[in-house]
Amino acid sequence: MTQIDDTPAKARSPFSEAFEMFRRNHAAVIGLVILLTIIIIALIGPMLYPGDPFDMVWVPLSPPGEEGYLFGTDYLGRDMLSLLIHGAKVSLTVGVSAAFVTVIIGITVGALAGFYRGWVEEALMRLTEFFQVLPTLLFSMVIVSLFGASLPMITLAIGLVSWPAVARITRAEFMRIRELEYVTAARAGGVKNNKLIFSVILPNALPPIIVQAALMVGSAILFEAGLSFLGLTDPNVASWGQIIGSNREYILDASFAVTVPGVAIFITVMAISLVGDGLNDALNPKLRQR
Amino acid sequence: MTEPLLKIENLRIELALRSGQAPVIDDLSLELNAGETLSFVGESGCGKSMTALAIMGLLPEKVGSIASGRILFDGRDMAQMNDTELRAIRGNEISMIFQEPMTSLNPVYTVGEQIAEVLRRHKGMNKRDAWARAIELLDAVRIPNAKSRVSAYPHQMSGGQRQRVMIAIALACEPKILIADEPTTALDVTVQAQIFDLLRDLGRDTGTAVILITHDMGAVAEMADRMVVMYAGRKAEYGPVSPVINHPRHPYTKGLISCVPHLLAELTEERPDLTEVPGIVPALASFGTDACLFASRCDLADDKCRSQRPPEVAFGDQHSACWKADQI
Amino acid sequence: EEPVRGGTLIHTLYDTPRHLNPAVQSGIATGAPGAQLFAAPLRYDENWTPQPYLAKSWEWSNNGLTMTLKLVEGATFHDGAPITSEDVAFSIKTVQENHPFKTMFAPVTSVDTPDPLTAVINLSQPHPALLLAMSSHLLPIIPKHVYGDGQDIKTHPQNSENVVGSGPFKLVEFNRDQNIVLERYDDFFMEGRPYLDRVVYRIIKDASARTISLENGEVHMSTFELTTRNIQRMKKNPNLTVTADGYAAVGALEWLAFNTGSEGPVSDKRVRQAIAYAIDKNFILKALYQGLATEAKTGIHPGSPFYDDSVNAYEIDLDKANALLDEAGYAKGADGTRFDLTIDYGSVAAKPQAEFIKASLSKVGIKVSVNSFVDFPTWAQKISNYNFDMTMDSVFNWGDPVIGVHRTYDSNNIKKGVIWSNTQQYSNPRVDELLNEAGKEIDPEKRKALYAEFQEIVAEDIPNYFLNTSPYHTVYNSKVGNPPLGIWASGSPYDRVYLKE
Amino acid sequence: MSALLDVENLSIRFPIKRGWGKTSWLYAVDDVSFQVNRGETLSIVGESGSGKTTAALGVARLVPNSGGKVDLAGEDFLALEAEDLRKARAKVQVIFQDPYSSLNPRLRAEAIVREPMDSIGTLPVAERAGRVAELFEQVGLRPEQMKLFPHQFSGGQRQRIGIARALATNPELIICDEAVSALDVAVQAQILNLLRRLQRDLGLTYLFISHDLGVVQHMSDHIAVMYMGKIVEYADRLSLFNDPRHPYTKALLSAVPSVDQSRNVDRLLIPGDPPDPLNPPEGCRFASRCPFVEDACRVDQPQLNAVTDQHKVACIKA
Amino acid sequence: MTLLKRLIYAAILLTAVLVLNFSMMHFAPGDVADTIAASMGGADAETMAQIRVEYGLDQPFFVQLFAYIGRVLSFDLGYSYFYNTPVTELIFERLPATLLLAITAQVLAVVVGVLLGVFSARHPNGIANYFVTIFALFGYAAPVFWTGILLLIGFSLKIPLFPVAGMSDVTVQGGFFVKALDIAHHMVLPVLTLSSIFLALYSRLSRAAMLEVLGSDYIRTAKAKGLSNREVTLKHALKNALPPVVTLAGLQFSAVISGAVLVESVFSWPGLGQLALTSILARDTPTILGILFFSALVVIIGNLVTDLVMRLIDPRVRGHA
């Protein structure tokens, strides 16, 4: 007998569908598991593995495994494992908050530029282009060196140079979506502009922004690492990049002190980008049948 | 009778779906004679384009494949050919034009280059000759000022002109068969009339057989000699145009004709409601079911319809796959 | 071994010099090529004994208020002009007016030039540091006819190109952040010298890269190496010789400076002493510096003849530290903290020590936060305006205490806004007196006694907690003959250096 | 019969940027007037780009830069501002062409239908849910489908949701912009029947846009034919189809292939494409393609003149 | 847009860059005088005031700003007080090194990236695809300086194939060819390092673009013409897949410069990045401003070049000029 099943029994939101898609993507799931592990380590690691990471516990630069120090010790004889665990929190915090700054500025500028035409768009796009021609790393180096190497300043500096990408994506999405018929329908239905922007267009524009934001976390971590490597860093905390930067001169002898945090960054960013790719595929309507 | 130009025998095309293999085309047989126009009609998704692509050997890679059956062209089975052999036929003896003139031309090459390319490939022409021939072809498809338009890019042309360029490409090698997959759907009626006019004239001049895929019964009536009505990957009805349209032997054909408001010669104030075919086409996954796939939307359906696949019944040249064909 | 002529010595430089004229620019980066480009009146051997160089003899007057130099004959500048006493006078004046080390020639009142090869330096007071100040890159003899052309010498274009020098090598090219290429000056006044055809300084800022390039033979020699791990590593390389010799006059000390004039706890001597007792200097010496640095107990470098080893070294003693802090009235709070301090540093090299001190002080209840200043000016501005509690600092003795030591403790040198003055705001009348005396005492023994007392007091008052000498090392390939192991390391002329084969 | 909608001299232009600071204006709708009577259907036909959508959306004030007068149920729609406009929007609703892009994919069907009510506030909050259910029934959707998301519906069903949304504010005028063009013929018939039923039951007025003349013939009471932003012919259904006067209309009608073999019209082929809308020709805009063109056609723009009571043509030769 | 319009626009953009940077430096704590004083080994209040007058720092902000912009307009970026050299001279000394590194890396990344992307798009289930994915991940996720250090340890220390530092070996004597070869030898590791990030980016993007293009209608047309796979891929698909890659490459100029700063630091490459780091550490304001200005200029020129390239490969962009 021919079964004509014209309506699925359960109401499934685009997001739950996306989740379904995501779950089928093995690489993305692995990435997510790694990422969650890292986040959990960052959150509860300090409890499980107590001790001030800045305590000097053993002979400096002793290789991994010695005396039970899994990843060895750094140039001051501090436990690398402990530093790594605390560094996870710092690096992730910088990553997430820089991504947050980026996304907030980017969405605001992009949404307004994409929604309104005329001088608003013109002005905001010029602003975006302006920030786009600033050499990102150099500019943030200058900011950090001028205004102090504290974490918030570093975060701000990263956010400040990174938002144009988000703004461009947001604008493009807004320009695409604002021409779609459901937006016209909403206007015909008397929906006000701010509601149009934030509750009609924005949610539909989010997928690529979410992907970008996810990837942004990764690039912010890399960015911070780069600044740390150049010595533009807050010495009172130990981000992964900073661990690399300050162990840099010992690489010939104790390359693990650079390799290990490098691998930590690598794995984290890789996990983030796997998740980002997964999100991209899952949220991309082209890849989902209509 | 002479041998048909193209003969499709029991063609079955399967698609790899998430849920497994499903037949998009199931047991399709038909013949195309030299110089005639054969039309495919049917609802969206019933497999018209798949059939065309199968003939071209262009089924979507890794997704679609010919599961069984033969496609005999000039006595050779195209279903068994390798890519090289197929490429020698494609664009040369069988060519195709597509629905979307806007996107079917490569935006980064001039139209002249895109026409000349086929000529170089199949006719071994040199650059100069191919270019000169391209201008002639553009002229033949009635593009004004062909000499200067030949170096235009697709985006510099209107939809109708692009479709003409597509036709020029398709006809460049004077193919034996031209497959036109909904060539005018994206165009305005006035332009559609121009294109149909052109196709008819060119077909007459070159003796090219045309497979015209469309969903417009009017177009079928005007353009085609014979028609195939497809439903859910199967042939519902098959025969010369005029008997099929005037006296359909399949409830689906009937519905298809009567649910469309046609331009009428005699207008009345009265406007009765249109005939409705309830429901929608079954999902691809159930295309293989041993039953009449139209049964769920058919007033006449009974248990037999729902449990056994109807055989093909002939009424002269007209064939219908319906248990109740004789009652209609 | 007999020196051979010829060859190109590849040398590293850890940073790009601002320019190449040591008369108006201090520092190692300018000094190394500077000492090759410009000859000085004197040079020192490794035993701190002055040797003739451009001056074939020198003589103090009996009262110690004039010094007469006799120049060698036939010495010329790289443009061929003869080197005369006019040039010496001009050079002394230039250095006196422009060089940051004001004390070097501060007592010089005038320079007389009775004949082209005689220069008479007149002093307002006896100045025993004068001899050292006339050596090597501290007093480059620069051509008056070039640099005396009225342009501001500090920004003179010929400071970095077309340098007209007086030394054994002349400038070929100077590519910032890349290299400095020097070539033998064929008319150098010392017969047969220099041995080398060329000296190339490759500027490599990364210590590991320098190490690799030394190890794989890409470069022949590197000086002022201080990354201890790499030094240890290179010591194991049979092709390389690693030595700490040659840095006695440079006298680089690393210390923790206190802002004694601040409102905060560190203005209290007991707090400063407690901090000193809380820091395990051994860790710094053994672990951080791998035993490659020497303990420094006073403001005078241990390699100097004036060094006094007998002062209190503040061996680690947490009980004493706690007691002192309690006594000073800083009891531990509920969370175990007594008070908060900041520790600044302006050079990345000081980071490990700063971090170590932070960790050490937390054990006695002092909570320290570390401020890193990647750009030197910001740090300098902060310190010189007394906006700090403690800072890491690395200061050079520059041969004679008058040049590099007095500036830090003399209360007359508390100059707001001036870095490497007495930024600790340390003031002790007795110290002022001692320094003043020692500055003009010609008799070495008496001088030594004065400095001994000075070191005693400073160790007690502890405006700086002295940690160690900088672990400077020279590394050279076994091909290098006569490496510069005198008191100025790469700041000495390379006329005797040669390449074997 | 009274005119519900009275459009006078409606013009709509779009700024087109060209180079450094130069902006040319594209007159998508150029000085167009028409009326629609209450309870009737006016169809607008014409080539792609002739300004059908723009004219209709201009009436609903969904495109900027409109000039002229749009009198809707006695109120000058174009003169309304801000809040008044929002309230007045209840009177005009639109059904769109693309069943996929016309529904917000993030909202459930019920929320989509409810949105105009919430925004305009036509009904007390408590009654809105009930009204949604009623509308679902009216357009032939099952109540349990209210909770589904758009992508879970077929094209025809989505179009029904669109219709329900349009009905939500009890509008007087509904603009159907190619509302059935994207649907399969079988589904198209369902929707066309539904639209006609609703018109009968609710006394709706339609501004119906389509390029399918069969559908137009079936649906409309009056027809306006547009060419390059101008109405070239305006007539009631019978006169237009039986007695087209404008050459363009004639060409249009003759171009449609039909299964009705008794309809043996001579095909009037018009060559070429419409000219560039940014610099339209002087005089009659159809002149460049018109088989009957004369020199006089290229001089002045022909005005829409009445040939009979219900039939107006803009052609000097009509 | 016309070229003239673009140039005017670029000039406005650059002026904005100047204004922002100048204001930022101006309002940050500390000023030139401090730095000069520090570099002199100290100065007293009088000297400081004198320096401020000398450098015009006692003037009101806007006067200084306009004076600065005026000077820049006459191609005078000021005088580096750290190096005692005109800033333009300093920058022109370094710019070639950075451009050589950046452009080589960028070109290598684009070319190899596109090749990899095309290859893996043509074999979506093959090993190549896997390789590209993993490679792309690695290039993206590994901090560039870290990659550099690893390469340095690997190929300069463990297997000494390449020089550790610098751009050329002064002891190498010979003609242009020999010198060029020497520079090329020095470039291998830095270029590899720098291009690794971008290689990943481009191979991913071109793969995605190729996949998208390969599914498009005109590719179906090309196949229907009976063209060979190679023709379809290389002639019809590639040229259409390039625009997004070129666009991205254009947007990456600023990132390339950033990467170059890090790579230069690892390999002691005598470029703008090193100069930037030195001048930031020395708070050499004129030089910093000059470098920011030039980097922005390079980015803008890069964007212009990108546009020109786009015009070459995409007639649609050409069309509306």
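Letters A, B, C, D and E mark the chains in the order given here, with residues in each chain numbered from 1 onward.
By definition in this document, contacts are C-beta pairs under 8 Å (C-beta built on N, C-alpha and C of every residue); 3 or more make two chains touch, one makes a residue touch a chain.
None of the values given here were measured: they were computed from a predicted structure.
Each chain gets a centre from the mean of its Cα atoms; the one farthest from the centre of subunit D is C. Greatest Cα centroid separation from subunit B: this falls to C. Averaged C-alpha coordinates give centres for subunit A and subunit B that are 50 Å from one another. Computed centre separation for the pair subunit B/subunit D is 32 angstrom, with centres defined by C-alpha atoms.
Subunit A and subunit E have Cα centroids lying 23 Å from one another. Subunit C and subunit D have Cα centroids lying 88 Å from one another. Counting partner chains per residue, subunit A shows two or more touched chains at residues 6, 145, 230, 248, 251-252. Annotation for subunit D: residues touching 2 or more other chains are 154. Subunit E has residues 29, 149, 157, 265, 280-281, 283 in contact with two or more other chains. Within the complex, the subunit C residues that touch subunit E are 8, 10, 15-16, 18-19, 26, 99-101, 154-155, 159-160, 175-179, 181, 200, 202-206, 208-210, 212-213, 215-216, 218, 374-378, 380-381, 384, 415-421. Against subunit C, in their complex, subunit E makes its touches with residues 29-30, 34-35, 37-45, 48, 79, 82-85, 90, 93-94, 149, 152, 156-157, 160, 163-171, 265-268, 270-271, 274-275, 278, 280-283. Residue ranges of subunit E in contact with subunit B, taken from their complex: 125, 216-218, 220-229, 236, 239-240, 313-316, 319. Interface residues of subunit B facing subunit D in the complex, by the touch rule stated above, are 43-44, 142, 144, 158-161, 188-194, 196-197, 215-223, 242, 245, 255-257, 259-267, 269, 271, 273-278, 280.
Considering their complex, residues 57, 60, 62, 86-87, 89-90, 92-94, 96-98, 100-106, 108, 112, 115-116, 119-120, 142, 145, 147-149, 151-154, 157, 162, 165, 168-169 of subunit D touch subunit A.
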